[in-house]
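For reference, the structure discussed in these notes is given below.
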């Protein structure tokens, strides 16, 4: 069960509206690695968690925090869309604020043409659950597998992409308010990268999972002879120069081997003929 | 530029057809973490790679290998769909093979009703680029960000989910051929988990990236005071028991802190009124 | 900012597992009118609300409640998936519970074949953010337009479809635990239908909106002569028998009129020829 | 069975081409509440209707009218895209019409850069079945549930969002032709809002449905004690100030009650452990 | 503008209900090559047609016919879903019809478990705008390019896949009513394959288009030396055995050539370094 | 199994960056008829092919070539995005290259506002698997039916749309490098249109398939009396003027017939009443 506290976790109002920037920052709400993704991913992982309760509680804590991050960004977008020009300017109604923001070189029409049209037509200048090109967030963006190491690696990756994108948005703005709000979110992403690294360490300390995931699958059931080979699938061997091509494997259970000129191990496939009732093309005479 | 060698990388034919299992194993082709994902993800990362050439070559090598994994699974699905019952049995035409496979307890109709209908209607008993519920693979499943550490963490996570799913499919089959083919793929996933862990180590050794990603963003630009705090967003404090709540942070640059009773740091949001031409509901009297 | 209380709003555990029912009840989580829809719809409407604060607060209260409804259903699905058969039965390991549940007439294999395969392969027997056929929830399922009457009508419709679907799920179960949990959710849907009807009345009382939406658009700008006509687009005139065909219009501003044999009011369209550089087919000689 | 009359229901040609406006007005064809939605929704509701024939006939009449609305908008978009600049201007080929339209401040390049690129590349300056950001219309946009009150409420909401969006497009244009065509469509939306309100009244008059939907479900089967409570899920009680918090409920069957400080009614969830063959993370020691 | 005639174009009622077959035949309504596709494709092609009026009229005639085909299939699905078992059987209420249909070997539960759950939960036993796995129809299924030869080839292909799928559904049924209705639709697909072949011939006769499409693009602008080469991208040369590898090209403008051992014509790609503000991984030392 | 040759099949570097053109040319990678479509379509057709081996080999050869086409376009996009402006210009840092490209009339801001925001935020100036409006490629874009004539017609259509779109992109550019690369791809599309026409001829020569597809379905099972009729579904008879309305049918098996005033052949549909447990609206009194 959830509760809402009306204060925002953190927020600084942008000094100037910027409808085109509002379009772009939608990526942080509804993009593949936006706040809707981490919120839903952590909540579903928490609800599906069968591991020790500290993991479950932690997942739900962080997932709940992320709902508030959507709230912060939705507020930010509403302010960025303030006074967004949605119709052609009437005579005598020159808008000095827009003019000032844009320094004359960006006419009102450019903003009208470049903003997300759904911000005007569909949401009436509010945030939408979609990304910076207007593609909607969807449930395939998240994973909750029941295996905590697999999922924590997913979370680490999501926070890495998420911080990278937030940093890019930071660089793309000159507005002190926007930059201030983002610098809070970027710091939280730093925490969350550290958090998932810590949780991975904790899982190993608790003897619950290790590499390769899932570690509960008996290694002798996989074809061990292929478990540490790098197959070179190209001309040239620059790929032999990395750590992955030689030395002890990272799981400590094997030795990397570089196969410079691999060959297929099995014959050409021969798919069987389907039922004639399906009217596929037969092998012929 | 690419070339096709007609031999399969590895393959063992299933001993028995099993149309329902064919439906399920589609997850490994077109699911969120199926072979289409890793293939496209590694190829796009390679094509977009601006880092040292060993990374680019390595990414394209592995991406190219994965095309062959789709090929193996497509072959497997064709064999699993062999003799799939697509119409009701005509009198006098009892199919002894189906009967044998199913041991009598699985009537022909159950298979007809439970297989993916598109395997009959759309693909004529061939594999499709979709997952185990028939949802098509799509481009939002992959990421290629230009930041190699962010992307290698994504790859590590994809191979973790991928191996987990392949192991589950292994457990769900009794067919020696299927299990043999999967035990090769599971071994390759072991390699690939090790590969991305090694690539992460290599990146740090090359002084290219470290935690937090992106490491080229000056830390003093983020709000450092919030960069190592765990905010407890629930009643109870079981989440205080993990590594993420105390001690040195994983990046070695801070100290974890547990905020047991957090409060919002900013006031309630007040979104501005939009242009009346958008006919939203105003604040009223 | 949001907080999580670990107790569930309401819950009764199902007496028996039922993996196929778990597949179906996903509709109430991630379907077009599932809890993810109402949660996200009310939260975005609240965040984007510029009307009087009582509406904003109310929207966020109800949206926050709905997060807890997803939690209840995720818990329910985990219990329904308990002991779900994911592999063929080993000899000597007959599972008496499954047998008892199914009364002998539903073999283990039927459940394996009929459950959502992603419940085993992807989520490890947990709920997923998708509907009863495995299609993922997406952001286009919701609307937050900034016009409260338009949105409250949307909410009323969502709760109507939602209660209808919950009732259907109630009828489709024989399990006292499932029925008890659903009877709570159905009651909440009753409240929420009443809530949105009340909110619509309140909006009119506050003189903020009325029919036709948006009421702030001057009626003289629409072609009033067509604003109350029913055009009969078929042979036969049974459609003349309803309230919509005669009498005072519902907004009290016009009189319904039935056009039995309508004719197009404008000439055939003549689209202009595009630039030859687009290589469309021209009108010819 | 359907027939086409070549005359348009109504149409006024725009005075000036405007490729960027053409992009935006796609929302009214293929957006969530565009004409494709109402057309398909009413037709499927009509085809699936088992209620009295007047409803079925009415639904199919209106659905058939909506096909013609797509036709009108497709014609409009073709005219708006007339002479759209799709390549950089050749020397000596200054296009006076474009210049005049844009008043000099909107260079040709801005239009080229801001129009929907698929209008040039994919459709050769014709309409497409997608919305204003290019996202395709899809079947999850509609509902036809078999319960007429649930569906009529959906229709009322669709026409409310639809008229709101058409009005916004009207405000965003200065072209007399565009405004004239839209003022016809806005009037039809007025009719259709009145129509669905009338149909709702008719259903109640016919004793077929009432609140709460579905009214055929015995109320005693829901947990009546929760059917009229408003749960306050936040700090502060502004949500207590509305009609939904006190007084007789809208269905006349209960009394609203405001729960200022609600508590969860059930214990924390305890999801059961899945089969070890799924290799989820166990509860640990 | 469109009109509805209440009689169906053609229809024979199925003799027996069959809810699982109803799920499958959804492919013909909302699948990639279902009736919604051809309807929308031909209508949009007609509305966007700038070629001679006979083509436009013909496209709209056939598109209008296809609306009626959706209607036929929606009717068929309603009959197939008649008496579909949606809940477990109450004692003493054995349903003799279901028993008879299924011949005892298909218990009621199998049908309940195998039918599309949305046919019960969402549509109340009516057709839905989705395919046989429940995936919704979407606007990217169609094309209307403005080039009639490109589009007529698309139509020919759609009718080929469409007839193939209808034939497969015919083979998968034993019901005389279903087979009769399908045999009408299959005949119409025969007509429509012939129609598009005829339209292609007519276009060439009218000197409007020929191979290669678009024929208005001057051939000397393409790299003619590569316009008739078959590049062998694999070991082995079985691909040399076809008509495409030797002899005069089909457009009569070149000679096929088989390149047995092709080599890339350009150097390795070297993507430039992005702005450091994007924090991608640089080339390193 | 596949291999990568590091040389590109063909490539000429663009002379100037152009971030907006980069957005548009994404259509050729991830659009409905982009290279991802033909690559995946031909590979799946090849893997599923049961016809003579020359077809299978040919399909896989061409599919493999297409992977290299994605590679060419990804390289092209990286070059087009070179120096793309992603943040507002700092003082004193005027970028002379951008200025020169744009000739002064296109300010830096216009490019920033018009490029695909995901090219900066998500991919760090690399190509993405999506189309020109940012919609992701998905598996429903392809078909592999097992019937070679149906599929070859699909391939012919894909290459027709593909060449049309490549030609449009050619016309929309002034950059000699871009035009050179495209003129290679356009030539390959010419080859591939010829290829599929040749393959269709070969199939007929091999007596494997002919019109109507699938030709293995006995014609007497379809309602032959409707197999060559053109039904006029509109007022006016311009559609009677084409080849499809009279004369011998294209398959040589019938005679076209024009039905000027068709009537529905069957009565109005009467869908049966569903189970009351589904709470649909009944027929009433």
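For clarity, chains are labelled A, B, C, D, E and F in written order, and residue numbers in each chain start from 1.
The rule we apply is simple: a residue touches a chain if its C-beta (ideal position, glycine included) is under 8 Å from a C-beta of that chain, and two chains touch if they have at least 3 such contacts.
Heads up on the chains, UniProt names are A, B, C, D, E, F = Manganese catalase family protein.
Remember, it's a predicted structure, so these values are computed and weren't measured experimentally.
Between the contact lists of chain D and chain E, the overlap consists of A, B, C, F. Ranked by how far their CA centres sit from the centre of chain A, the chains are topped by E. Residues touching across the chain A-chain F interface largely differ between the two copies, under half of the numbers being common to both.
Note: Cα superposition of chain C onto chain E, rotation of 120 degrees, nearest 5.
The most distant chain from chain D is B, comparing centres defined as mean Cα coordinates.
Computed centre separation for the pair chain A/chain E is 33 angstrom, with centres defined by C-alpha atoms. Averaging Cα coordinates per chain places chain D and chain F 29 Å apart. Note on chain placement: the centre of chain A and the centre of chain B lie 13 Å apart, centres being C-alpha means. Residue positions 1-9, 32, 47-48, 55, 57, 60-61, 64-65, 68, 71, 75, 78, 86-87, 110, 114, 120, 122, 124-126, 133-136, 138, 140, 143, 145-147, 149, 164, 167-168, 171-172, 214, 217, 233-234, 236, 264, 269, 271-272, 274, 277-280 of chain F each touch two or more of the other chains.
In terms of which chains touch, the assembly is arranged so that all chains touch all other chains. For chain A in complex with chain F, the residues that touch the partner chain are 20, 23-24, 27, 31-32, 102, 105-106, 110-111, 114, 131-135, 165, 168-169, 171-174, 233-236, 264, 269, 271-274, 276, 278-285. Residue ranges of chain A in contact with chain D, taken from their complex: 1-6, 47-52, 55, 86-88, 107, 109-110, 112-114, 116-118, 120-122, 124, 133-136, 145-149, 203, 206-209, 214, 216-217. Those residues of chain F lying in contact with chain C across their complex are 164, 167-168, 171-172, 277-279.
Partner chain D is touched in their complex by these residues of chain C: 5-12, 32-33, 53-58, 60-62, 64-65, 68, 71, 75, 78-79, 81-84, 86-87, 120, 124-126, 135, 138, 140-141, 143, 145, 147, 149-150, 153-154, 156-157, 160-161, 163-164, 167, 170, 183-184, 186-191, 193-195, 197-199, 201-202, 205, 211-214, 217, 219, 221-234, 236-239, 241-244, 249-251, 254, 256, 262-269, 271-272, 274-275, 277-280.
Here chain E touches chain D in the complex through residues 1-9, 30, 36, 40, 43-44, 47-48, 57, 60-61, 64-65, 67-68, 70-71, 74-75, 78, 122-130, 136-140, 142-147, going by the rule given at the top.
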